[in-house]
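We just call them A, B and C in the order they show up, numbering each chain from 1.
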Amino acid sequence: MNQRSLHPFAWWAWGIGIAVTASQSPGTLALILLCIGAAMVVYSKKSDQPWAKAFSIGVRLGFIAFVIRMIIGVTLSVPIPGNTLFTLPTLPLPDWMAGIRIGGPVTSERLSITATEALTFFTLILAIAAASALANPKQGLRALPGVMHQAGVALIISTTLIPHFVTSIQRIKQARRLRGDQQRIAFRKIAVPIFEDSLQRAINLGAAMESRGYGLNDSSIGRRFGSQILLSSIVAITIGITLFLAAIKGAAIAFALGIALLVIGLFVASKSTIRTRYRPQVWKGAEWIVLATSITLISVVILENQSTLTTSAIFILAITPLFVAPKESGLKNVIGVAH
Amino acid sequence: MSKSTPLLGFASIIGFFAFAWPLFISAEQVENNGQAKYLFLALMPVALLILIIELTQGDLDVKSLAFLGVLTATGAALRIFGAGAVGIEPIWFLIILGGRALGKRFGFLLGLSVLFASALLTGGAGPWLAFQMMAAAWIGWGAGALPKFEKQGVEIILLAVYGFFAGLIFGALMDLQLWPWLVGGDTQISFVAGAPILENLHRYFVFHFLTAMAWDIPRAILTAAFIAVAGKPILNSLRRSMRKANFVTAREMAQKAAL
Amino acid sequence: MGQTGSGKSSLLKLINGLVPHHTGGILSGEITVAGRSTRMHRPRELADLIGIVGQNPAEGFVTDTVEEEIAFGMESLGIPRDVMRKRVEETLDLLGLAQLRDRSLSTLSGGEAQRVAIAAVLTMHPKVLLLDEPTSALDPIAAEEVLSILARLVHDLGLTIIIAEHRLERVLQFVDRIIHVLGEENSGQVRIGLPQDIMAQSQSAPPVVLLGKDQEWNPLPLTVRDARRLAEPLRDKLANLSPPIRKSPEIKSLPFIFEIKKLLVEYEKKVAIKGIDFEVRQGEVVALMGRNGAGKSSLLGSAVGITPIKSGQVLLNGKPAQELKGKSLISLVGFVPQEATDLLYGESVLQECTFADRDSQVTPGTTYKILNQLLPDISEIAHPRDLSEGQRLCLVLAIVLAAAPKLLILDEPTRGLDYSAKLRLINILRAMADEGRSVILATHDVELVAEVATRVVFLAEGEKIADGSTLEILTSSPAFAPQISKILAPGKWLTFSEITSALEQN
């Protein structure tokens, strides 16, 4: 690849780090700083690629979620004592929505609690959106461990084909005009040719992949063993869930066991594929630093909550990628559609 | 095929709890640890990860992979095409028909990948993506699991009805997932930990009604309509191409190998 | 070689093992490639031995960029990373793709995509390379490039190459042996032999061979060069004769059916058409030629209101094309797009015809009757997508002709058509011109243009760079001259039939 960009997994580590930090109630100021920090990194490091708009979409969605949460929290709250700031007109709802009362006095406690929760959710959405905007999904798919390679290929195929189908749909819409068709909406006449086209492609694609040696030599023994381990991992997690829901001790152990089995299962399964990787995305110093800051971020907030020191530390850790990540450039590819 | 079924089953159980935990969680748990919603938010992707690894490692042959990739692209492209009008999500019709023609397992994977690919494309990846994927996967699986009918007309009606309910159920599931997030724990329509399931369900439905009827009913109707209008020719195309590509299911392949 | 539908693709796929492993069917007999039997081995196990490039190479792409695509096959085989790097570099150089290495696959031209597909297969160092119609979508120059690369691979690397091809005129010069897959009465049989022998016995042949057989030249010439050496006596005979007139002089006085004035078409980033003036009269058959991307499709699209027009006028029979819709549009102009299958959405041939009758508002059965004239033995219940290329084209033609349009527009109609299907098309077009209807053809197929067009227009970069009678234009360009004219230069002849009729008249 011509220009270096930060490994997508590093970006995701960063995003998840912010998300986890937000979930640990670090305080309103910290939340706001996290959001600002994420935005700063995104706007400075993003490229022109189509997925970069994920952040602005995330901001919009997050904002809507925030507003909805506030409205519900304020109008439908269970009354708690406190300083009443103002009172909304009460609106009793019909009987089948029994017992629900819209409106009533709004206390400052209610407001602040709701705002914090809403802000937390907003930050969470923003963190994920930031990671999606910065992490190159195509490189991410390529970087998947061997076990998930097939899933990655399916997705790479689909992301590459989508522009093709969008133009096909255009063409087919035009073709209707050529048949003298004056219907405004003709779902069937558009859907059928598109499907035929895609199925034909699928057959040819499958033949081409097969002829190029895809799917060769996956050892079945390793795979079966790996499957057993994964199955046990899932069972452990299921047990963990039941314990958790019933508030019986031991849930944490079950979960830990499940995760450990998952990692082992991944390891075993990856041994069974013989695929090699051409020019994989490198994981260098910058990636390590981002990963480290993410982990530090989480540890800081778990250990010491809600102090000025923590809050500033959080902010600085969150914006570390600003200084460390290489600038995403517009890649030389013209990502567009040619005939 | 039978090898992975237990895994699919358990993963779906995890998925079910990830959606519906507010109905089942006990009061003490919520007091001890208010982080339940984060836990389940994180569990769903883990379950999906395991599922994807298992399903794509195992019986996914080259042809299915090609079909998966191409149909996913078609679905995502249709979503873009329908993006102009609100509520038009042709992806459901594709997932259902694909699952019907190519089987439960394929339908499951198709659901996962169409949602994922279209999220990548439209930039709409949020913390709820894993949940959308699982719900779509169930819908795809269900389409393949419906009973077989000889007469095509009956099959299409069945699928259209299924599509209608699938549209509603998807909305209901996603609202269920969002319920604790958008509503918190202390409003009149929040879940009450430890309360009887029916009572919580009642509260949930008030929330659901308040926020989603505008989206769910159109989605349900449109999906059923798409299936009714274009279902027959597309199902035929799918089946014809399966014949052309000599789609041998894994079970048959194993039988042949054993011969 | 062989007619459409005779089984050329299947033959290729048999060698590679796709038949029967991928497509089903029952195989009896044995095919061994370098000692490995295709019955025992799946195609993927033969991938290091045999490489195949399908008809539409872009459909086989699995990754995002050129370089990754080339490396993909090797990844599947588990080849170590440094070996992969080396092979990728070699192959990029071999096929002249070094500058394209980071390009996104969707931005490649037809010729480039073809080369990338070949490269992707070459990296596995196969001994046999199979290509299904590699030049059908390419203009003559790109086709030359690809074919000479293939010839070089054979000579330098000792590769064995098997090509399925219709346009024999392009390939014959490179070929050591021919496998002729017979159709019709001898369906299913195969004749293998040296080019001269097969050509001597075969009905369908490029113009060089037809001329050679007619003039009883010995040895039978396969290339223009061979023919030129033998053509001296013919040239003398024809020196005082002139080819039959194509365009009757009355045409000059006939009204315009289609006019374009100062057309400007712009897409987001580029100008597709830069101020063109263009007219077509009734009874003309105009060929539109030029490189891929020169603006041909945009020009044709403007006739049916598909192309967004920035400025300028497009008139059909005096009325602006964009305002016409439905029956009034299709009774004036019939358009067969490049992807003819875009028009088809029925489940059977009969159903398509019924839809067409309805859309054109003509008596039910009209379309089917037209179709029967074009293809006497078409099956009504066949699914349109199961038909061969030639049959599908006839179906779409019938649909479009049902409304009896005055102007017929065809965008690249002869892709994938064999000589006999092309002949049928030529006859249809001639019949239309005789009736006073007009035809506009966008095509790369020089021989087709030579046969049927009265006028040729050349486009490049959105501008009209040549516009004149077929004879003038085709004989003045070395790259776009038909075989007959290359053989008989400096005499001005275009087709074999012209020569025959001129000789007969004397």
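We take it that a contact is a pair of C-beta atoms (placed from the backbone, for glycine too) under 8 Å apart; a residue touches a chain by one contact, two chains touch by 3 or more.
Being a predicted model, the structure only gives us computed values, none of them experimental.
Once subunit A is left out of the assembly, the remaining chains are all still joined by touching in one piece. The chain pair sharing the most C-beta contacts is A-B.
Between subunit B and subunit C the centroid-to-centroid distance comes to 44 Å (mean Cα coordinates, whole Å). Distance from the subunit A centre to the subunit B centre is 17 Å, each centre being the mean of its Cα atoms.
Centroids built from CA atoms put subunit C at 46 Å from subunit A.
Under the contact definition stated at the top, the residues of subunit A that touch 2 or more other chains are 153, 156-157, 160, 164, 168, 188, 192, 196, 200-201, 205-206, 209-210, 214-215.
Chain contacts: subunit B has residues 62-63, 233, 237, 240, 244-245 touching two or more partner chains. In subunit C, the residues touching two or more other chains are 22-23, 44, 345, 385. Within the complex formed with subunit A, the subunit B residues making contact are 3-4, 6-7, 10-11, 13-14, 17, 21, 24-29, 32, 35-36, 38-39, 43, 46-47, 49-50, 52-54, 56-58, 60-63, 65-74, 76-78, 80-81, 90, 113, 116-117, 120-127, 181-184, 186-190, 206, 209, 211, 226, 229-230, 233-234, 237-238, 240-241, 244-245. For subunit C in complex with subunit A, the residues that touch the partner chain are 13, 16, 18, 21-23, 42-45, 47-48, 50-52, 54, 56, 59-65, 67-68, 71-81, 84-85, 88, 102-109, 120-121, 124, 292-293, 297, 301, 304-306, 325-327, 329-330, 334-335, 337, 339, 341-345, 355-356, 359-360, 385, 399-400, 403. Subunit C contributes residues 22-24, 44, 345, 347, 383, 385-386 to its touches with subunit B in the complex. Residues 1-2, 138, 142, 153, 156-157, 160, 163-164, 168, 171-172, 174-175, 177-182, 188-189, 192-193, 196-197, 200-201, 204-217, 274-279, 331-339 of subunit A are the ones touching subunit C in the complex.
Residues 19, 23, 50-55, 57-58, 61, 65, 68-69, 72-73, 76-78, 80, 97, 99-101, 113-114, 117, 121, 124-125, 128-129, 132-133, 137, 147-148, 150-151, 153-162, 164-166, 168-169, 187-188, 191-192, 194-196, 198-203, 205-206, 209-210, 214-215, 218, 223-224, 226-227, 230-231, 233-235, 237-238, 241, 244-247, 259, 262, 265-266, 269 of subunit A are the ones that touch subunit B when the two sit in their complex.
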